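Should a chain be cited, it is by its letter among A, B, C and D, assigned in written order, with residues numbered from 1 in that chain.
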Amino acid sequence: MQKLKQTLYRIIFGTDTPAGRGFDVILLWAILLSVLTVVLESVKSFRVAYPGTFQFLEWFFTILFTVEYFLRILTHPRPWKYITSFFGIIDLMSILPTYIGLFFLRSHFLLTVRAFRLLRIFRILKLGRYMHESQVLISALKKSMYKIVVFFGVVLTLVLFLGTLMYLVESEQNGFTSIPQSIYWAIVTITTVGYGDIAPVTVLGKFISSVAMLIGYSIIAVPTGILTVEISDAVKSSKQERQLVCPSCSYHEPDQEARFCKKCGSELE
Amino acid sequence: MQKLKQTLYRIIFGTDTPAGRGFDVILLWAILLSVLTVVLESVKSFRVAYPGTFQFLEWFFTILFTVEYFLRILTHPRPWKYITSFFGIIDLMSILPTYIGLFFLRSHFLLTVRAFRLLRIFRILKLGRYMHESQVLISALKKSMYKIVVFFGVVLTLVLFLGTLMYLVESEQNGFTSIPQSIYWAIVTITTVGYGDIAPVTVLGKFISSVAMLIGYSIIAVPTGILTVEISDAVKSSKQERQLVCPSCSYHEPDQEARFCKKCGSELE
Amino acid sequence: MQKLKQTLYRIIFGTDTPAGRGFDVILLWAILLSVLTVVLESVKSFRVAYPGTFQFLEWFFTILFTVEYFLRILTHPRPWKYITSFFGIIDLMSILPTYIGLFFLRSHFLLTVRAFRLLRIFRILKLGRYMHESQVLISALKKSMYKIVVFFGVVLTLVLFLGTLMYLVESEQNGFTSIPQSIYWAIVTITTVGYGDIAPVTVLGKFISSVAMLIGYSIIAVPTGILTVEISDAVKSSKQERQLVCPSCSYHEPDQEARFCKKCGSELE
Amino acid sequence: MQKLKQTLYRIIFGTDTPAGRGFDVILLWAILLSVLTVVLESVKSFRVAYPGTFQFLEWFFTILFTVEYFLRILTHPRPWKYITSFFGIIDLMSILPTYIGLFFLRSHFLLTVRAFRLLRIFRILKLGRYMHESQVLISALKKSMYKIVVFFGVVLTLVLFLGTLMYLVESEQNGFTSIPQSIYWAIVTITTVGYGDIAPVTVLGKFISSVAMLIGYSIIAVPTGILTVEISDAVKSSKQERQLVCPSCSYHEPDQEARFCKKCGSELE
């Protein structure tokens, strides 16, 4: 019994056995398909044409993930630790909405929560290769966080200032009906998205916008510069090869190609 | 009396005591809330619903900042230096508009000046950690300034040239009513904002636009490249560890791990 | 006969003889002109004005490329290897559509396939200089692939999440008619394209959009940082000069300027 | 006489005397003001209000630049070399249009040529500091040219392919009236400009567009990466300090701080 639990644990939580990898791959497909169901159900023509199919699929995936959830709790050596972990909460949140929908009227709110099911996709990060690569990126992001915060502080101040200025320059008829609305316009402009739903009409407004665009165009270089430097460091340190130390005389050999210690002739590891 | 002044100075201007940090954090919240008041007051539905609240809040923050302003003048060892400093002027500008509004009709102009209150947010830079990070960015920006100026010179020339060209190619009916208008369009295009309020209509105009877009898409790489190089340098030199100097023979030890001077055997700091 | 085949092989497949380079340059022009024909034929006014010209040109280029295709098969030492190679398949696909068009009604589908003719342009990569440069870029792209995949995974999850959220926040009248439609909007926004065909209308929608834009504006730094690091590595290793080795004592000279071995005095290659 | 010519030559062409720098600064202002005149003249309300002023200013600047042009020819030691140089041609082109306008009807074409006057602004590059900085950028651009050409080849092929595909997917009613029109749309999309004058309407079209946007969003990283690497190299080599060589024993001292040769004790330059 205990052995069965251990074997199941290795299959469900581990990725070091063929069965474990297989379980993860099947799970990933199930997650993707369940998300696809939610997405397609939102299309009116589909929803009207196949109402039963979507209801069936939703319950199919919910029961599948419920079984998986309880299996995880049962096989984990310390169930409570799993339940309160990041993935434990995500796993629960991906099945709850359907059950809650039984008791209450199907609300729009539940649909959003069901979108959390998508977060389970990050389980892919457990799959070897991707884990390493994402760790390099996360490490670079963490290191550059303080600089990015300063940068965002400057951008937000700029956007608030531009928004207030344009609210005063352009009259309310031109779409700049309030400062929050103008701030929305400033963000649309600074980030170079440029929907065009609100655009400057007066000559002065166009001049200010032009300056704002050129600023937005230039300062995009700042986060890129910050991240490039940190990614460069993170990649370098992840590539850094082990240092060779002679087992008999403790000499540190800098040459990675050396096979014998050049001080005492001992074979290096 | 003198001692009270010194204690207050450390609380108001310094960040090295718990009381000093507390004062700064409360001040930051007051600034943020006062800015929020200005922003929300611009929304018509709010302004109509709570006219008294906004008037009260404006006077509340103005008096608060006035008290703070006089406290700063009184406790500073050289008051005139503070008054003429960057933050001194900003602090004055953030309270003046409300008082001027008493004597003159409430004009839109005053609202903009009140937006300057926002600049006080930069006081956050005094808070330890962020100061260091922003210094790295400012130092990188300063070093790359001449290159950025050259780059902007090229962009402005390009935009002027494109504007003139498009003014001639597209007739006035297509929105290109004057060269300044065309330059506005060129900036919207080159910076990849693309509102769509003015867009080329003729075949030749579309061709020229396409070339302009591809140019804009490529040259965005130039400021990014410049800044990345300078940020990389600034980060490196800020990370550079202190150099070890032997206290007895003044030998400069390059190896950061060394614990004893290899010339005279003295223990290194 | 065998010699003629070899000479033709060097002209058609090689670029190391003047005739071989000449053949490639003529071919490139033919490809460019044939693509231009397809493009111009799609313009109604041209198609109506010169119907015969376009039909003639299409057959002219098809026959030209057919002759080239058979010459390649005949002169290649292992014809089957060429036929199943990347360029072999592209070459076949660039002539097939016109012949198929004889038997079936001219369908729109064939036009797309004829666009594949364009892929033959990549033959330019065989021309000396460009081959080297593109290899550096391809090598950098290959090395950063796993990181780019992780990045795209995050972007797609973000876009799906934003799409679902906006579908719920904005009502269907505002253009967000289904989750796929909302995802389309999210991609338009995150990539800073911003057509403006769908734009948020409600206050909450505008707020969420603003956050999405600022995120999109920042994370563009991630692939740039990744690629810059890898291109930097690829350029460095492609620039790495050959190492000097003494022909008599096998000493490895690190100084690229050295002309004589500093161990035994032999002249270095 | 000869001496006057030499003095004038140093003032007009040189920047190493106070008079020479003064001449260049006045000239730059004259160029900027003359360009401003052309720009403002295009605004209908100004043109109608002050017709005489614009005509006067145009002749004023033309005569000023004509005098400057002949002074340059007269003082240059080899006049023909100046006339056929890049700036010689630009200088001529900036005065010719006004004279041609006397004989022919004022055509729109002449206005464009007058925009060339703007190119004279690049004379600023002669001014010390800017020259050095722009040389670093130009050198980086030159070195990365082949890679940028390969990149543009890929972008153009992609745009042509996308244009053809969308022409077939979206019907002509949706704005994709011909392949050139579709290519224009593809460029607007890939470069993330996104005017919105043409936008996909069908579901398949929106899907293809989404993929195109994500591609455009990613490949912008390629030129940035290329340029960053080359700018980094160019900056480094421009910063590279001179190498110290001992004047008596020719020892190459790598340490920039050394004041005496460590081999023979001679003082280093």
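In the analysis below, a residue touches a chain if its C-beta (ideal position, glycine included) is under 8 Å from a C-beta of that chain, and two chains touch if they have at least 3 such contacts.
Nothing here was measured: the structure is a model prediction, and the numbers come from that model.
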item	value
Size of the rotation, in steps of 5 degrees, that lays the CA trace of chain A over chain B	90
Same-interface partner of C-D, chosen from the options A-D, B-C or A-C, over half of the pairs matching	A-C
Residue-number overlap at the chain B/chain D interface, same or different (half cut)	different
Centroid comparison with chain D (C-alpha atoms), farthest chain	A
Between chain D and chain B, distance of the C-alpha-averaged centres to the nearest whole Å	29
Distance from the mean Cα position of chain D to that of chain A, given in whole angstrom	41
Chain C residues counted as touching two or more neighbouring chains	180, 183, 192-196, 220, 224, 226, 228, 232
Touching residues (chain side chain D, partner chain A) in the complex	192-196, 224, 228
Interfacial residue positions of chain B with respect to chain D in the complex	146-147, 149-151, 153, 157, 160-161, 164-165, 167-168, 177-180, 183, 189, 192-196, 199, 203, 206-207, 209-210, 213-214, 216-218, 220-222, 224-226, 228-229, 232
Touching residues on chain D, where the partner in the complex is chain B	35, 38-40, 42-44, 108-109, 111-112, 115, 118-119, 121-122, 124-125, 129-130, 133-134, 136-137, 140, 148, 152, 155, 180-181, 183-184, 187-188, 190-197, 220, 223-224, 226-228, 230-232, 235
